[in-house]
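Each remark here refers to the structure printed beneath this line.
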Amino acid sequence: MAGQQFLATLADHPWFEVTVLAASARSAGKTYLDALRSPGGAVQWFCTEPLAEKFMGMVVQSATDLNLDALDVVFTALESDAARELEPLYARQVPVISTASAFRYEEDVPILVPTVNTEHDALLQRQQAGRGWKGFIVPIPNCTTTGLVITLKPLQERFGLQSVIMTSLQACSGAGRTGGVLGLDIIDNIIPFIPKEEEKVQTETKKILGQVQDGKVEPLPVGVSCTCTRVPVLEGHTEAVFVSLRRPASLEEVKEAFRTFAQNRPEMRLPSAPQHMITLREDPFRPQPRLDRDTEEGMSTVVGRLREDSVLPNGIKYVLVSHNTKMGAAKGAVWVAEVLAERGWIRRGK
Amino acid sequence: MAGQQFLATLADHPWFEVTVLAASARSAGKTYLDALRSPGGAVQWFCTEPLAEKFMGMVVQSATDLNLDALDVVFTALESDAARELEPLYARQVPVISTASAFRYEEDVPILVPTVNTEHDALLQRQQAGRGWKGFIVPIPNCTTTGLVITLKPLQERFGLQSVIMTSLQACSGAGRTGGVLGLDIIDNIIPFIPKEEEKVQTETKKILGQVQDGKVEPLPVGVSCTCTRVPVLEGHTEAVFVSLRRPASLEEVKEAFRTFAQNRPEMRLPSAPQHMITLREDPFRPQPRLDRDTEEGMSTVVGRLREDSVLPNGIKYVLVSHNTKMGAAKGAVWVAEVLAERGWIRRGK
Amino acid sequence: MAGQQFLATLADHPWFEVTVLAASARSAGKTYLDALRSPGGAVQWFCTEPLAEKFMGMVVQSATDLNLDALDVVFTALESDAARELEPLYARQVPVISTASAFRYEEDVPILVPTVNTEHDALLQRQQAGRGWKGFIVPIPNCTTTGLVITLKPLQERFGLQSVIMTSLQACSGAGRTGGVLGLDIIDNIIPFIPKEEEKVQTETKKILGQVQDGKVEPLPVGVSCTCTRVPVLEGHTEAVFVSLRRPASLEEVKEAFRTFAQNRPEMRLPSAPQHMITLREDPFRPQPRLDRDTEEGMSTVVGRLREDSVLPNGIKYVLVSHNTKMGAAKGAVWVAEVLAERGWIRRGK
Amino acid sequence: MAGQQFLATLADHPWFEVTVLAASARSAGKTYLDALRSPGGAVQWFCTEPLAEKFMGMVVQSATDLNLDALDVVFTALESDAARELEPLYARQVPVISTASAFRYEEDVPILVPTVNTEHDALLQRQQAGRGWKGFIVPIPNCTTTGLVITLKPLQERFGLQSVIMTSLQACSGAGRTGGVLGLDIIDNIIPFIPKEEEKVQTETKKILGQVQDGKVEPLPVGVSCTCTRVPVLEGHTEAVFVSLRRPASLEEVKEAFRTFAQNRPEMRLPSAPQHMITLREDPFRPQPRLDRDTEEGMSTVVGRLREDSVLPNGIKYVLVSHNTKMGAAKGAVWVAEVLAERGWIRRGK
């Protein structure tokens, strides 16, 4: 599904042109349209955007045997095991932007979120040197981490972060289609556990908010504790966040920090950037995933219900909604590629 | 709706016999069956249990003009404003068990949860003396408070409570029918705000876990901070709880505390009591509201996902499911009445 | 809600400019923004399109005391009783396009669906003459009728209609907000009855497909029988239709009739018209309300699962999805106004 | 899942004792409890009834290598391909009651629904003789057929059946767990196609309502045409039925036929039988799947919205709800076994 979302995102991209599609051996050699067909013949295209005609007739190549010569960047949407095997093959020659978790926790691999930690791209030099690659691997975070770090970053910058407690209410699309959540399990229900999710969010948050030092990221010394749940929502992760700041901050100062975050950063002028990294809602009944997930084409993190927290030192609490399959997946990855192109890491042939 | 649930609960009660039904002037004088009819004539009975035949023909009396002489106890299911007006009228003569919030925060009024703070009934002497009432008012807590205090009490007893952070995922039934949540608003959605709910949970938790001293409750000095949300679930509130204990506790000790809570208490032998106040689930995918809400007829609070929390001092975290319209409403109130009858506060004429 | 949808539709309309907003006495005198506020102060704007700024500060006038002098057309979104009282007041001076059922069944009132029965506007002459009005009332059909008549019309034209059997699976938005369907009632459920809906569909279908003769509509002599149900879907009515044709038709001929329906009609060149009245889907898993309701901005009726029916003489069956709050409500009504303006019934001052 | 439902049904059965559990080679040799475990170790038991302790430690045998000597009956819950291979192996020695469609359409195989066509068991003699089996195969119908034939049978008996048009709104549980419907696909949606379902219902209905003649079933000469859809409902199939009778019947006569259907039949006195084959509801808002599916433990078909149909000759229409995983699956199959035991086809050793 993430692969399809890449195509939906790249169909009219002003900088990147899709010249090669690759998949497993089962699909290799077929046109993309045929590769999408179920055994019954129905075209399994799941995005709301229609499948662009130019992709339909492209012949799918084998992911294990890919000619990389003419490519400037590879976007991957692989299961973790496949990513561990294939991404290094590609990275020897070409930059790889990945949605998989396989390399996220390696010392020389940055997990990039534009405007939050763009400068972590400094790791790439060490990654290339250390591994002898001409390209590199840059993963985006887990989709639940994305909205969290976007809202934590301005707090960290202005007031410092002591600790973070978060409960997520995650959409069904986050579980994907293979082994996805059954209607039978999620209608009129909550599933209070998503395997490995909490560990990912906790580790990634500290790394993304950390500092590059001596060729690796020094994780931010902040406590992060989560409970991740699945809810009967199609798209858009909702997170109830409680934060302990290092310095006291009034709610007005916090709002100001959210509103102005990343305002004049160069990343915000790129094609996939939202107008605002954070959209602040004053209506206490917002954000709601169905009403707010598509804000600024799913690229803005929507924050509401900002209140003081009486329990944590310098505590505040809020609720955020982040589009898990847009900013949290393919579209966010394309923005990362734009950032890396702008900063000279990816060749812009077009 | 809570009124109907009282009837469903009391239909076959071994101790209490329903002899009078009262409602607003609009319904007074009609048989109960007719009072239930919509303008179109359909009987608006919403419980899954069928309406007992013996109630159908009972003539509804006016709630403002009720003959209390032959009554041993009155169960009320009123909006807050009506409760503030009517409950004192009844309490002058008769014990009142109430689901409304109107009197919960008065100094001489205990909010009772059997086994958690049964001994707060000591306040009733002062309430009767101070107000010159022969009866009294005992409210049950807000349905979101109920499961929380049931799980906090054994922690408080064994390890002490420092602070509590909780995010609720509340069922639609909690909003009732008048002004209830529309399908149009909640399908494929989360509503991150329930007016006044967080304040209620925060205040009630401290009071229920507090000590009776000098004729009033000294609230427990514990920090409590919540975010309350509405989710597309029919029944059963789910709560993600993070607790800071006063003393370190291993997970095994915590489990033991949950498992044995209230075990040999006399309240547990009453007709409406569950077999276990807390049902502990080891399967990490539990508790789920649809699968667990009806545990022990909706009277047991189901706890799972017990883990250490790395952020709070002596931190633990868990997820609970509590049936908001059974233990959290009419059935819980009937259990309170049983407790008060057993302890001599309510006459048992039957 | 329908009123808000009119504003969303008209915000950028190339022909119509909203100069007056009217509502009940309760809202009159307030700015529109204030009139939208709940008692708690939240702005109750329910459309996905943002509220246009130009409407916010407009002062709402009283619907019972409206100055019609400067108006070319009035769009009404009223409950049936209010419509019966107010619409004639307006129609004395100004054309009224109505979503209410109040006048649909009067002899001199056409129920208009562009391209299906545009020529029923011939009734307006009699309506004006008979009632002494300078304006007129033109209602659009019930939202469940709309998709049905759009798909039946090309069948009627080519093959004749003998009888129609239809089961609807209707979205929650069709029930509106006041007295709308509760989440508590519709989650994990079907409600198999919508008061008066089946009668409306049956009567309106025959009238819309009928012929104007002697200043009134001679209903089409076709049997129409429905069962209307409510399902847990937000927007988009799905209808399973079984049709007996007067002449045999191959599935290819039927597809051709659907595909080419209304193709070169002048109504299709108006601002609110879809590109295709009917969008035919070959994938047997379509149409699905969530995936297909927004086809051509909710103005195209999507048809799939076309098959032969073995039971009815010359029987065919299919499934349709029609957007009940776009083509079936405000946006459809605006298209009617465009048609009437184009045909000289409404003055185009702009 | 159907296998688990068999165990839930048979746990306390007065006649049948489960002595052997069989499954694929992957599970063979494990205890049943271990066979239920996911790779992560969680016990995958999906019924609301708890797993009976006596089954937990039973060692699962291989379905392809089953010792049938001590068995009186085998209940199978297999995919169609596996059923085609395994059921004949069992039937050589032992009666097989099957939920699979594999043998439903063979001439010498009856599809049994107690009280509807119990006497089709006459085919078993030919089946045994023709195939040289000591046992036999008796499938139950597709779960969508079940409620339909139960309501059609009394109409056929009293008034004769001309034709039937039906639209189903089917629950997610009907699709099972392997390849089941994803939350992502069904929340806020309808899927208007269930592969092969319509053909099954059409063929099975005619066969079940047919006559045994010359050792095979002569299908009832009745037109049956369906559209089968999937809706966001957990359990309970809803069907909107339109019937053309051979003789005119008043609605009162039809109600009487429904109410009295199968009343004094001997099958109704068996352990799994409902009290009433059909439960008639007068409230026009019923039947609703969530409120009515569990009527008489899911074994009674609930009918409502009975009306005249103006289109079909002697037409009536109604809505039914049938529990697809109780009467329509394991529990219905157990009732079939009881019937066959009572009629001497299955040995009762217990």
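Letters A, B, C and D name the chains as they come in the text, with residue numbers starting at 1 for each one.
Here is the rule we go by: contacts are C-beta pairs under 8 Å (C-beta built on N, C-alpha and C of every residue); 3 or more make two chains touch, one makes a residue touch a chain.
The structure displayed is predicted, hence computed values, not measured ones.
Q: Quick check: more C-beta contact pairs in A-B or A-C?
A: Higher C-beta contact count between the two pairs: A-B.
Q: Going by C-alpha centroids, which chain is farthest from chain D? Tell me that one.
A: The chain farthest from chain D, judged by C-alpha centres, is A.
Q: Can you check how far apart chain A and chain D are, centre to centre, with Cα atoms defining each centre and the answer in Å?
A: Inter-chain centre distance comes to 47 Å.
Q: Could you state the distance in Å from the CA-based centre of chain A to that of chain C?
A: Each chain reduced to its C-alpha mean, chain A and chain C end up 41 Å apart.
Q: Mark out which residues of chain A touch at least two other chains, giving numbers and ranges.
A: Those would be 187-188, 232-234, 284-285, 291.
Q: Considering the complex alone, what residue numbers of chain D touch chain C?
A: On the chain D side, the touching residues are 163-165, 167, 169, 188-193, 202, 223-225, 227, 229, 231-234, 238, 240, 242, 284-291, 304-305, 309-312, 315, 317, 319.
Q: Where on chain D does chain B make contact in their complex?
A: Spelled out, the residues of chain D in touch with chain B are 42-43, 48, 187-188, 283-285, 291.
Q: Can you check the complex and tell me which residues of chain C touch chain B?
A: Checking each residue of chain C against chain B gives 40, 172-173, 175, 177, 180-188, 195, 232-234.
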